[in-house]
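Single-structure report; data block below.
Per-chain numbering from 1; labels A, B, C and D assigned in written order.
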Amino acid sequence: MNSENFSLSEKIVSTSYVRQGSQARRSHEQLIRLLLEQGKCPEEGWSESTVELFLSELAVMDSNNFLGNCGVGEREGRVASSLVARRHYRFKLIHGIGRSGDIAAVQPKAAGSSLLNKLTNSVVLDILKLSGVVASCFVVPLATGMSLTLCFLTLRHRRPKARYIIWPRIDQKSCFKAMITAGFEPVVVENVLEGDELRTDLEAVERKIEELGAENILCVHSTTSCFAPRVPDRLEELSILCAKQNIPHIVNNAYGVQSSKCMHLIQQGARVGRIDAFVQSLDKNFMVPVGGAIIAGFDESFVQEISQMYPGRASASPSLDVLITLLTLGASGYKKLLSERKAESDGAVTQLGSMLFTRQVSGARVIPLGKEQTIGGHTFRGFMSHSDAYPCPYLNAASAVGITREDVTLCMKRLDKCLKTLKKEKNVAKSSSPVLPPCQEDTTGE
Amino acid sequence: MNSENFSLSEKIVSTSYVRQGSQARRSHEQLIRLLLEQGKCPEEGWSESTVELFLSELAVMDSNNFLGNCGVGEREGRVASSLVARRHYRFKLIHGIGRSGDIAAVQPKAAGSSLLNKLTNSVVLDILKLSGVVASCFVVPLATGMSLTLCFLTLRHRRPKARYIIWPRIDQKSCFKAMITAGFEPVVVENVLEGDELRTDLEAVERKIEELGAENILCVHSTTSCFAPRVPDRLEELSILCAKQNIPHIVNNAYGVQSSKCMHLIQQGARVGRIDAFVQSLDKNFMVPVGGAIIAGFDESFVQEISQMYPGRASASPSLDVLITLLTLGASGYKKLLSERKAESDGAVTQLGSMLFTRQVSGARVIPLGKEQTIGGHTFRGFMSHSDAYPCPYLNAASAVGITREDVTLCMKRLDKCLKTLKKEKNVAKSSSPVLPPCQEDTTGE
Amino acid sequence: MNSENFSLSEKIVSTSYVRQGSQARRSHEQLIRLLLEQGKCPEEGWSESTVELFLSELAVMDSNNFLGNCGVGEREGRVASSLVARRHYRFKLIHGIGRSGDIAAVQPKAAGSSLLNKLTNSVVLDILKLSGVVASCFVVPLATGMSLTLCFLTLRHRRPKARYIIWPRIDQKSCFKAMITAGFEPVVVENVLEGDELRTDLEAVERKIEELGAENILCVHSTTSCFAPRVPDRLEELSILCAKQNIPHIVNNAYGVQSSKCMHLIQQGARVGRIDAFVQSLDKNFMVPVGGAIIAGFDESFVQEISQMYPGRASASPSLDVLITLLTLGASGYKKLLSERKAESDGAVTQLGSMLFTRQVSGARVIPLGKEQTIGGHTFRGFMSHSDAYPCPYLNAASAVGITREDVTLCMKRLDKCLKTLKKEKNVAKSSSPVLPPCQEDTTGE
Amino acid sequence: MNSENFSLSEKIVSTSYVRQGSQARRSHEQLIRLLLEQGKCPEEGWSESTVELFLSELAVMDSNNFLGNCGVGEREGRVASSLVARRHYRFKLIHGIGRSGDIAAVQPKAAGSSLLNKLTNSVVLDILKLSGVVASCFVVPLATGMSLTLCFLTLRHRRPKARYIIWPRIDQKSCFKAMITAGFEPVVVENVLEGDELRTDLEAVERKIEELGAENILCVHSTTSCFAPRVPDRLEELSILCAKQNIPHIVNNAYGVQSSKCMHLIQQGARVGRIDAFVQSLDKNFMVPVGGAIIAGFDESFVQEISQMYPGRASASPSLDVLITLLTLGASGYKKLLSERKAESDGAVTQLGSMLFTRQVSGARVIPLGKEQTIGGHTFRGFMSHSDAYPCPYLNAASAVGITREDVTLCMKRLDKCLKTLKKEKNVAKSSSPVLPPCQEDTTGE
């Protein structure tokens, strides 16, 4: 309430009580002020009350042309169902975010939605900076694959002649399809086996560039996210190569915000060479529903070029989800989640001493040998193993943000039980059938 | 948001958009201002947005000793479940309303709850005044029966010797029990049959007073609500009698706010004679859940005496429900509901030309002959017919606020069908078994 | 969904996925089955999903006469505002709980509300049994004071001649007013000072009984809840005395469920002597909003007599709040809360070694000397100290369920600061002005 | 609840009441059964209770791997914030809809989300069929512009050599950018002026095709939505032309579902010629927040090809919104909204007899002369007038679904006032400054 209404309240209940009340209000306002002033994720998470108060304030700012001016009563921005209006905090989100010209642009008559959009981008950027990456970014209501597509489509305007994208193989459908959908020909570069790890074959990448001609290559499309035994791409070396050859470099960093290692690789790549944009999933890194991504880069003007490439307005729903989540968690809560994830993974390593959790893995799944898969006309041999011929079948398991010690323990118990059962039945070593633990979850984005 | 935060917002999105937003907010504030200033039910109903904004503002005023002062984060006034906190709009309703000294009193550290309580009483009073009744009142989280008990207990302190309550018979359990519970002996005065109507037997009331001695009588306890063929008590005559004999007069007006006739009777009674308090149900008159009542009277000091009789704090839930409802409906919406109810009843009368809907009835039920019922040691013959020996069995049906033309039509259709079926089977006229229409609803408070 | 709808779903998405879904549903149903079967508080708390699913199932059971039978669409049991309907989980709570005859009775046409009511009473009883008290009980939508009034009013019917209630002094308004409101004369028995503790003066109680005559005494009204330096009443001795003298015994156990000591006193009292009923607050013991209480006793028929004394139906809101809370916490969660409270109090004792936290205290307040207070015509000298002449002024502080170590620490820091400030200014020892720590909260029910 | 739990309930409250309850439940199940069986929008809208019961049932089906199998308690599909979980009905929407292979595909372990997705597509299709269009369709969480881009990207794989898109000019940024973003060169065909209407210049289209060569043209991109004085494109003639020339034909039908005229044009075009896909906005046609579209076509395999082009999973949020909306409105409610919109427009026509509302207009805005705008390198003269040189400036106004008579009246009043004010000040006829009515809303998707 404004000061006038507080004064009126003092006539109804006593002045001192109302002052306490107005002071209480001020403490919420204070938190909001800090957010508006600094545009940073608050160190301590807000209470749900403060979050909801803030959102209702923003929402109220959206509806000006109705309640005040037209006198016809609020109409929820012409949302037909009150269940839908409530779900969107009565935001006049019928306007969504952005304008035709730029998905990050401010909207007329929707000051609240515009603030929501700007603040979300700013808070998310702050989180990226926590891991030392100094970049520019925006949230887009597209899943990771489609966001990569948008990056490729933007590059097309800079390199109209280019037809190829150089792509160190990773067996995940969406990122492969992202290139196909954008209308380019993916040039798959097989990985090399070092120990039990699959790593970027830098020489093969170089050979391909030479073979096809740098000017015909849209970009190098590398990946930080790994599915053991495939490890993150050699970002530094690829970045140097791209800089030298004057080829754009787009990084699929789908799971990477939650991993200090991935973020470090990106920062390093950008420092020593060239990274044009890197894309991360909202759901995988921020525990929100599927459907949003962050597109980031080190050159603000290129990031803006991408945001201006999106034709029309877009759903504010993913922005809303990630803003609520980050305000509720606070920077400290988010860092705590990350360190828990790390502890669980690392703990598992120590505890098990096995290949299962030797590295930052994502998604529990069994990788048999010799599976073939055709996507967009391209046939992958040994699909899911990121290699035409990985030496043995194996199983890998997820350790994404939000995982707890209990999850790991339980999963191990069940796996153990499965393996014992199988051993009894036959001989597990010779079995090629999948060994799926009951609590597996496929978080690979497939 | 306060003006400082609006200014900061102008640095994020453009000044003119933020001004539109702040203007939008002001239009909500304006509605709230009017409410605080006048304490009246707004003529036009508020949008749900405005209602929720207002409630969240009030709730925020309650939590001062937590978020601001103690720095330990908001804890919802120590409400354990977030589902419960949300249900109560995060009000620190753990404090409820009132204090030990007075259920209508202001609470320290709960400016929001206190405002809620005061405003509810004020808005409800405004609604009573719509029907011309100028009184003082407060909302109490007790159903009608218990509220009557509270009135009787209050009177005991004024008339410590009194043991009897004079009560023109109405066959409804709660109001009878209200007297028993308060520790008094109800003196049941049978009604007289005039035509097919049962009316107050004034002479019998006078005889009883003379017989028992006015000083031994706590009060006359009359009833406006009727269940045809019992009509409202002769309030004017009873009020004159009470004034003359110096006996308090408490009116059970359970369903009466929605009826201009009942309200008129009360206003007249108070004008020409004596009415100390009249009690009305929240659920029956305002379409909210069961559990609250309005205790009203014409002497502010006596009303306050009752409110001070309640030992301790009380639930704010019924106050919250009725405030939300009245703000949402607005005075015009409430009047519209009432006139619809009236139209439906009257329309039914015309249409049917039968005894079923000849008067303002409440609760569809079949009244057989000769039923006996014992309550609190008192045996009623012909229970439910308000008379020892009503001449014939009959059926009556509800026409409470919220009823629609469709309800009436459908109910009649089904009744017709039932009657036809019964006729076929046997002979309805001789049947003494209940004829319950499928859409009946017992709204008699039993 | 029922099995037919699951089958239909299998035609839309694959059979195996739907079976997983139906299995998921079954796991919720399983929890609900246990609750219905055993009527006990689940050991592990339910997720909010399960709680909401359960409530929506119950609510759906209420609305039968609308959606199905009358074909006029659901109308929320004639609740006018959708905000209100939502707040009550769309229960047809317009019916509330109970019937005129009995607040614990089942309602026709409101199977869901009836189940809710029965289950709440059953789950709450289970919680009482956790502390070894084997009793009968019901939840009533009245705060503690009014619940005590209801007990006294019930006893009046058993002892029509009685005028007095013997009451070992405790300086809390509501419980004193409860006797006045019920129409009885409180006979205040001053406490005796043993060390720095104030305890029941048993001999004085006996003298009063002899003086007034047992048949003129409605009951002894004792208190477990303490406000240091007043300690819980000598329940065992009072119970024996009441049994011997054939006088009913009502215990004000407002804060007691959370204290194993209070519960033990009650169980012992009932074992060796006579306790007719004991009353506990919902908000103080279960972290729900103000407005409900549990009335319990060892004689089921007397407990039922009380529940039948309530005239009419009543609000289901407090029952709903406590059921949600207990299902969410589970028995283990509730026990954990209690043990945290205990640890915090005890820890404070050790840490401070001072009189401040030497015993289980409730409500932080400064007790000056010589304050006079008149309630219902009775003047208390030295009000708030439970004694006409306590030797020194003091400060006590709350340690209710929900308190955390942080609260205690912070409160101590601030108290320390206050005291230092005061010392500087003058001389604290001579100061008679109140020393209110900024984070104090008056949880004494006043 | 399942039958076992209903049986258990009968032991707690009476059998007959529980049966009423279970019958009530069955009436909701019955509505759900019809939906699952027929996959159609229910004729009558569901109550919010039924909608929420249905959604909670679906959501419960999603969480199987947590509550039941792993025993670690439900974790909201690893959604960090309970506010976010609640906003998404606790759906495990972290999985969103679709799979990498196909956005319309069923997801493992998310039977509820999968059902939601399938049913939404099916119900939306049913609505399209209401207007006589027999097609295949799916909902995509992309706004209209991006959905068009997806169509163009899909066509690229069929016509790898094509570089141009023929586009009869309409001055709306998003649809123009959609072509640029997809990497194609828009070939703008100016409209011809017939009377005061701007219409497709068919001859110019034919000339362009001849000039560029059919095989170099990706598609013709036409528009049904009009912004007066531009009228819908000549769909029939364009469709015939496309069929003859073997050129794909994509229709931007952004606002068209609400207009029987637009839908008829599409059905006709497909009957006599070729329409490959037509795209409509969810927000503009179904009163939901911005961010979703329906991609539809007459060849199921091509529609599926588009849905398979989307790389990865996607947000289920727009699907959820449109499903809630259509279930709540019902087919009859939706048709009523449409007819109201029509009545309002037509009424306005009659009433004003002016050029302002002579046709189905969308978005109130003033169109000055001579404005230049450059988008994606292409400069439009006379931007916003769909013509290089429209003869005069004008104003047009929105009449989208949800508009009411009051809106129109009020808008006219204010416009009138503005015009009068301007006249006084100067001479309106000579003024070239924009005349913006205060209640204008730009709903053009810009």
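We take it that contacts are C-beta pairs under 8 Å (C-beta built on N, C-alpha and C of every residue); 3 or more make two chains touch, one makes a residue touch a chain.
Here the structure is a predicted model, which is why all the values come from computation and not from measurement.
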item: If a chain touches subunit A and subunit D alike, it appears here; value: none
item: Most widely separated chain from subunit D, with each centre as the mean of CA atoms; value: C
item: Intercentroid distance (Cα basis), subunit D paired with subunit B, Å; value: 48
item: Between subunit D and subunit C, distance of the C-alpha-averaged centres to the nearest whole Å; value: 55
item: Centroid spacing, where centroids are CA-atom means, of subunit B and subunit C in whole angstrom; value: 27
item: Two or more partner chains touched - positions in subunit B; value: 48, 52, 65, 82, 108-109
item: Touch list for subunit B against partner subunit C, complex; value: 48, 51-52, 65, 69-72, 75, 77-84, 87-88, 91, 93-97, 99-101, 108-109, 141-146, 148-150, 153, 156-157, 172-175, 177-178, 180-183, 283, 286-292, 309-318, 320-321, 324-325, 328-329, 337, 400-402, 404, 406-407, 410, 438-442, 445-446
item: Subunit C to subunit D touching residues, read off their complex; value: 1-2, 4-5, 8-9, 12-14, 17-18, 20-29, 32-33, 36-37, 39, 44, 47-50, 52-53, 56-57, 59-65, 67-68, 73-74, 76, 82, 90, 106-112, 114-115, 118-119
